Amino acid sequence: MLTNQIYLLFSAVLIALGLAAFFLARARASHLRMNGTAMVAQPDQYAWFSVLSTAGPALLAAALGAFVLLLLGADIPILYLLGASLAVAVIGLLVGLVQVRPDFHARQAIERVIHGILAAAALVSIVTTLGILISIVFEAVRFFQMQGFWDFITGTTWAPGNSFLAAAGRGAENASAAQFGSVPLFAGTFIITLIAMLVAIPVGLLAAIYMAEFAPARVRNLAKPVLEVLAGIPTVVYGFFAAITVAPIIVDVAGFFGLEASFNNALAPGIVMGIMIIPFISSLSDDVINAVPDSMRQGSLALGMTKAETIASVVLPAATPGIISASLLAVSRALGETMIVVMAAGMRPNLTANPLEDMTTVTVRIVAALTGDQEFESAETLSAFALGLVLFVVTLALNMVSVIMIRRFREKYRTNDL
Amino acid sequence: MHTNEDARHELSVRVRDLNLWYGNSQALKNVNIDVYQKNVTAVIGPSGCGKSTFLRCLNRMNDLIRNVRTEGLIEMDGRDVNEPRMDEVALRRRVGMVFQKPNPFPKSIYENVAYAPRMHDLVSRKAEQDELVEQALRDAGLWNEVKDKLQQQGTSLSGGQQQRLCIARAIAVQPDVILMDEPTSALDPISTATIEDLMDRLKQQFTIVTVTHNMQQAARVADYTAFFHLGELIEYNDTRMMFSNPHTKKAEDYITGRYG
Amino acid sequence: RDQVRIVGSSTVYPFASYVAEEFGATTDYPTPVIESTGSGGGLRLFCNGVGEGTPDITNASRRMKTSEFERCQENGVTDITEAKIGYDGIAFAQSSSNESLNLTREQLFKALAAKVPQNDGKNGEIVDNPYKKWSDIDSSLPDREIMVYGPPTTSGTRDAFEELVMEAASEDMDAYGGEAYTDIRSDGAYVDAGENDNLIVQRLSENTEAFGIFGYSFLEANTDTLNGASIDGVAPEPEAISSGEYPVSRSLFFYLKNQHADEVPAMYEYANLFMSEQMISPMGYLQGLGLIPLPEEERQAERDAVEGKEKLELSALK
Amino acid sequence: MSQSFDEITAQLRNRHRKSAWLKWVSMGALALAASFLVMFIADMLVKGLPAFQQAQIQVEVSYSERSQEMPPAAVSEDVHRLVSRGFLRTLPRRMRDNPDLMGVTRLEWVLADSAVDQYLKGNHSALKESQRPVIDELAKQGRAELKFNTRFFTSGDSKMPELAGIAAAAMGTVMTLIVTMLVCFPIGVMTAVYLEEFAYDNWLTRTIEININNLAAIPSILFGLLGLAIYINFFGVPRSTPLVGGLTLALMTLPVIIITTRTALRSVPDAIRQAAFGVGCSRWQVVRDHVLPVSLPGILTGSIIGMAQAMGETAPLIIIGMVAFIPDVSVSFTDAATVMPAQIFTWAGEPDRAFVEKTAGGILVLLAVLISLNATAVWMRKKFERRW
Amino acid sequence: MHTNEDARHELSVRVRDLNLWYGNSQALKNVNIDVYQKNVTAVIGPSGCGKSTFLRCLNRMNDLIRNVRTEGLIEMDGRDVNEPRMDEVALRRRVGMVFQKPNPFPKSIYENVAYAPRMHDLVSRKAEQDELVEQALRDAGLWNEVKDKLQQQGTSLSGGQQQRLCIARAIAVQPDVILMDEPTSALDPISTATIEDLMDRLKQQFTIVTVTHNMQQAARVADYTAFFHLGELIEYNDTRMMFSNPHTKKAEDYITGRYG
């Protein structure tokens, strides 16, 4: 294909020019130095500078051209683009050679470029966040135009059924209008998250206390990676486990106590999600507990406190902000967890507090809406983006709080550091 | 081994043939020492000679370090502190400790002092507790500075104040012996002087064993001085004797600043 | 490009992937890629335009809508061929430990509608659904709690069920004055069970009280543990569905993008294989997967349409 | 005034008991967490091990004109329902590729239909009552056996459970991860180096730091939306391909790599940096010659963990179309492909119950890979752990 | 301010009105000092008085610390080291540094020494490099001990050897000035003595500025001694003068061990 050949040609010429730049500049610098000129940089540094000045601008020009060409749809013949960028490369080469002067700080110049590249890499993370925002905001706004932001946030009925029919052209007059009240979805999400936390926080925290304070080194070295395996198990696998193994057990157990449990009960995904999150809590808590300076423990033990008293009244209070922040991070993981609930939780927007009933979550609805059968422009499909947006905002807020908590934690024991 | 046999002092801790290993490296070699009640005993010696290790033996804080092996006798009230039936928590109540870097708990000043007595059931009513806290802070010479801000964080105090808070915390449980491991090395000269004064007063009530790397400090505060070198107790004597007329060449070299 | 790219309905997906696999195994072409995006998602991708990145074929468990057709036209997808491959019966099934059952659509409606006419039916007032047990609806029905696992609102099966059962039943009921009423109750008697019909099947064998609504293929694959209720006296059998006797069934389609025909030659080979007798006839393989075949003449007509790359016109969709 | 040892010891009894209680409870919690893992793996083993065996039966296969036309005719009437269609349908091509076969009739071990397989494994089977005695008879003669299922590791997805394998998904996983690695490793390491070694403490740096923490917490499904909107719809990257999957997962893995790399960089003692600055190194030389070489094992460990996470991810891939029916092993980054967890997800949704064991079998394979990745990371961490 | 104006020594570094702040707290106040070539200048003073800070100003290692602000003149060869066009990397080549805790690179002994010269392009051929490494190790008095194990890790040496390796590394780039920040405080007495001897020899070639908290050490090794207190230079004088006859009360108190 033509484009492939053009890539090939471009890279080949550029590499050739780069090599030329390297050797020419180095030769020139060595020559100057041989003649006894004192130079502020070393020949290799001049050489690398020339390579940068040859390839950098050329690559930038090519990328810019390709961008204009592909995305703005401008009509530049591709050969012109190729020629132009190679011309830039040649100019860069000449500039690089001219710069082989005794008083030119080639090393500093190179390092400025490296600094720039590193900074650009750091910006990728910001661009990613913006990208996520951009990719959900527009569709979410369209949804809000159709359905109203307030109804969405405060409504307690999620009944998109009729929007589907309306889109199918058979909306019935006496049928009630579609309702997109997201409260039941968020309630379901929070209840499942709560169940997960009720499993994960006590078990995780106690396990962390054991590992950090009691366990012999051998147990600790073994337990940590073993727990990390729990965190590494893919969530589909947990989903399968929750749906096929755990849910029926819960129904049986509930039946034994004379309770009625749905097969899509919230307990199964909640518990399994909790198991998944245990290592997350335990290893973060283990870290913060270990970060509590030993001098505090010794101070307490030297007063004749038992180990448990030391843990309860000195270590844990000092570590609390860190533990809370770990838990908040865990909460945001649970809120956004998708596969477990897709496979094991129900689809019914059900505003209830009974974990034996089935309920649905935000992520389940996002997946369902985006892989469902309605028209793409229908309100139900767009609701996925609105739900995504709210989820994004919630996790963002949780994370901010946890950042603040962590900072407070650091301050707390830094003051002791004198 | 030079032990001062002065009879005006009663024995508090008796150490016989104490050896200690960290893993395979021996940190204390055959140490014999008698610590006398209501005196300040200073432990000096170059860095790494085992001063802190020795101190930690006296309240079994070494138990917290892995791979430590101890041999020999440390006797308090006629009981070997290392015997299996000895509860190290009980021991530590009777042998308090103050560390090199002040380490108040991240709690209020009041709580820092009140915490241990409450846990040990030394006080039952709030009024009693208040009284005890005040007494301990007074004894530590800190009361006047903090009496208006007892609810502030202990960590908000200055270094010297923090160290005195730690001392108050230690004396609040009414121990017999207080161990201090370089209690002034992280402090400025003025705070140092305050603490030195304090030690002088506290020895009315408590037996104090302090580690210092500062010979002048030892000379100023201690009644007895023990000089360690490479894990051995080279010389132990009345402080005045030690500084004016050291028996051993090593001690003399060290005291006159020939190394260290 | 050698590889055909297919998107669309999750209902057609098992049939299409079977054909695709057969196609890959018996010809020199690579196996087509089939993504189950749902009919709507599929049509959206399909209508995005012409060219490398867009799919060649989309499956649908309903007919293309005029709005979708227009979007196709706008984006330059102007030459489409429609192929109807058969029917999908929607089964109303329960654990086979129960007696098999005969239900009318009206009974089903009463069991599942959010609001129903008041019990005495005289004044026609419409009230929140009061029925808790099947026997409340009709004393001849079993004394079992009403508990139905069914597809969620995002599913085409649900759409079809609403149209073929709810709408049809309500139009015949006086209380609604001939208007369609399709709201499904959300008080727990009806449980949205996700797209994973497998789970519904499993739930039914564990919860023998309950019923499930899903594609006939799942009933077919689990005849040992499930039995399907007859509706309006007709049992869900292939012949009954294919003849239209069984009232709850819908047509399945795929759409071909003729503009890709030159670039992706495999596309028509695949389509022809799909339309061949060995696949969609009553003796064909797909029948074993639960596809209900079209009547003979209709099959021939559809096959000819595909072979002739017959162009779909807007008027046909109305 | 002060109490004797015995008095104090007596008072302490109760407090010691509480202390012991905490120890046992917390140990119990750890044991509970570990037992979850054991229970879970045991459950998967029970469900999944049968997938590594598959029934074969020995039948007479006749390669003739007739079987070229009608493959089922190659075997006798009474067994042709027992033989996998996956075997029969390839007969015409085999005969075409190898004309010598024509006219040969011989006993051959052939793949059995999954109904036979399930019947032999004692599971529920769709096998008709009338055919069960046939299989029983064959089994008695040693002509129907469960054999090791190599096909599970060498072929791709199939609608027929007896043919379905994990190879295509595994290949897709490998290619996706290559893309992920190529993108997020350099960017992640560069970001970490920038933040840890170069950046000044200003609002921009702080924003980036907070933002990285946020990215780590954002639900993975939103990355799918990003992939759909930006890569597929805006840049026109082909759907369902390892390329788009890898790019999407790269952004998701980026924070993990950045955070672990920063930890690795931070664990390099400042003394080394100071030593290097002290002999006249510039910042970049310090990083290149001293900090990076020392922290490399840590960075690699972090990357392995990041990769392991990316490997188990499914939710964003649903949205960018990598959950699809893809029987062929793809060979290019722009071919459609699926990944192992997506394959598990699709199998979990198959109507045929023979797929339950395939699902669990796939899970076992995935777990094996993940555990070995984790073990490698632990091993590396141990091996290169330095004491300063 | 007491500056020794003795003319037999040439000026190496001239410091005028040096002030330095960490954030808002001032760590150096108006420091004026002249450092003479091929002499050992000792900087003494109590903990936290700004000794290390002052030392780090001389090769701009403070640049690496965030929130540092410097004012005043530090002149080497007639050029202000703080002027914007001064390349701090070049400066550090001319002003080497040895730290309190020995910090060899985690590389071979050979590489530890060879790295910097190679990076600065001081050597071009392997033989040249070998020669330079040998010379530096000889000068640091380490050659005989390590010549058979040049490929071993630098970190495998003992503390004293490591410190000499760091000195070898510093002198391998042939600096003018070598700064040492408490170079012996982490070492045992015997290693300390070796390093002190070494400083005595090195001052034939290099100007040495060393920080020490040990007055005896200053008395032993230094030609000039500067006494800092709370960020101020209290007294700067010929060492003998300083120790026999300090001009200021503070210096006298410190030297006689009244605090610190």
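By written order: A, B, C, D and E. Residues from 1 in each chain.
Convention: a contact is a pair of C-beta atoms (placed from the backbone, for glycine too) under 8 Å apart; a residue touches a chain by one contact, two chains touch by 3 or more.
Here's who's who by UniProt: A = Phosphate transport system permease protein; B, E = Phosphate ABC transporter ATP-binding protein; D = Phosphate transport system permease protein PstA.
In this text the structure is predicted, and so the values were computed from the model without any measurement.
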item: Which of A-D and A-C has more C-beta pairs touching across its chains; value: A-D
item: Chain separated most widely from chain B, comparing mean CA positions; value: C
item: Innermost chain by mean C-alpha position; value: A
item: Computed distance of Cα centres, chain D from chain B, in Å; value: 58
item: Chain A and chain E, separation of their C-alpha mean positions in angstrom; value: 47
item: Distance from the mean Cα position of chain D to that of chain C, given in whole angstrom; value: 33
item: Inter-chain centre distance, chain B versus chain C - centres from mean C-alpha coordinates, in Å; value: 84
item: Chain E, residues touching no fewer than two other chains; value: 89-90
item: Multi-chain contact residues (two or more partners), chain A; value: 107-108, 243-244, 304, 306, 309, 342-343, 370-371
item: Shared interface positions of chain C, touching two or more other chains; value: 36-37, 195-196
item: Chain-to-chain touches, reported pairwise for every pair that qualifies; value: A-B, A-C, A-D, A-E, B-D, B-E, C-D, D-E
item: Touching residues (chain side chain E, partner chain A) in the complex; value: 87, 89-90, 121
item: Footprint of chain D on chain E - complex, ascending; value: 59, 61, 64, 66, 89-90, 92-93, 96-99, 101, 103-106, 115-116, 119-120, 166, 169-170, 173
item: Parts of chain A lying in touch with chain D, wherever the complex brings them together; value: 70-71, 107-108, 110-111, 114-115, 117-119, 121-126, 128-129, 131-132, 134-136, 202-207, 209-211, 213-215, 223, 225-230, 232-237, 239-241, 243-245, 275, 278-279, 282, 304, 306-309, 311-312, 329, 332-333, 335-339, 342-343, 363, 366-367, 370-371, 384-385, 388, 391-392, 395-396, 398-400, 402-403
item: Chain C to chain A touching residues, read off their complex; value: 9-10, 36-41, 43-44, 61-62, 65, 67-68, 114, 152-156, 158-159, 162-163, 167, 176, 179-184, 186, 188, 190-196, 199, 202-203, 206-207
item: Residues on chain C engaged by chain D in the complex (per definition of touch); value: 3, 5, 7, 13-14, 16-18, 20-22, 24-26, 30-31, 33-37, 45, 52-53, 195-198, 201, 217-218, 221-222, 224-225, 285, 289-290
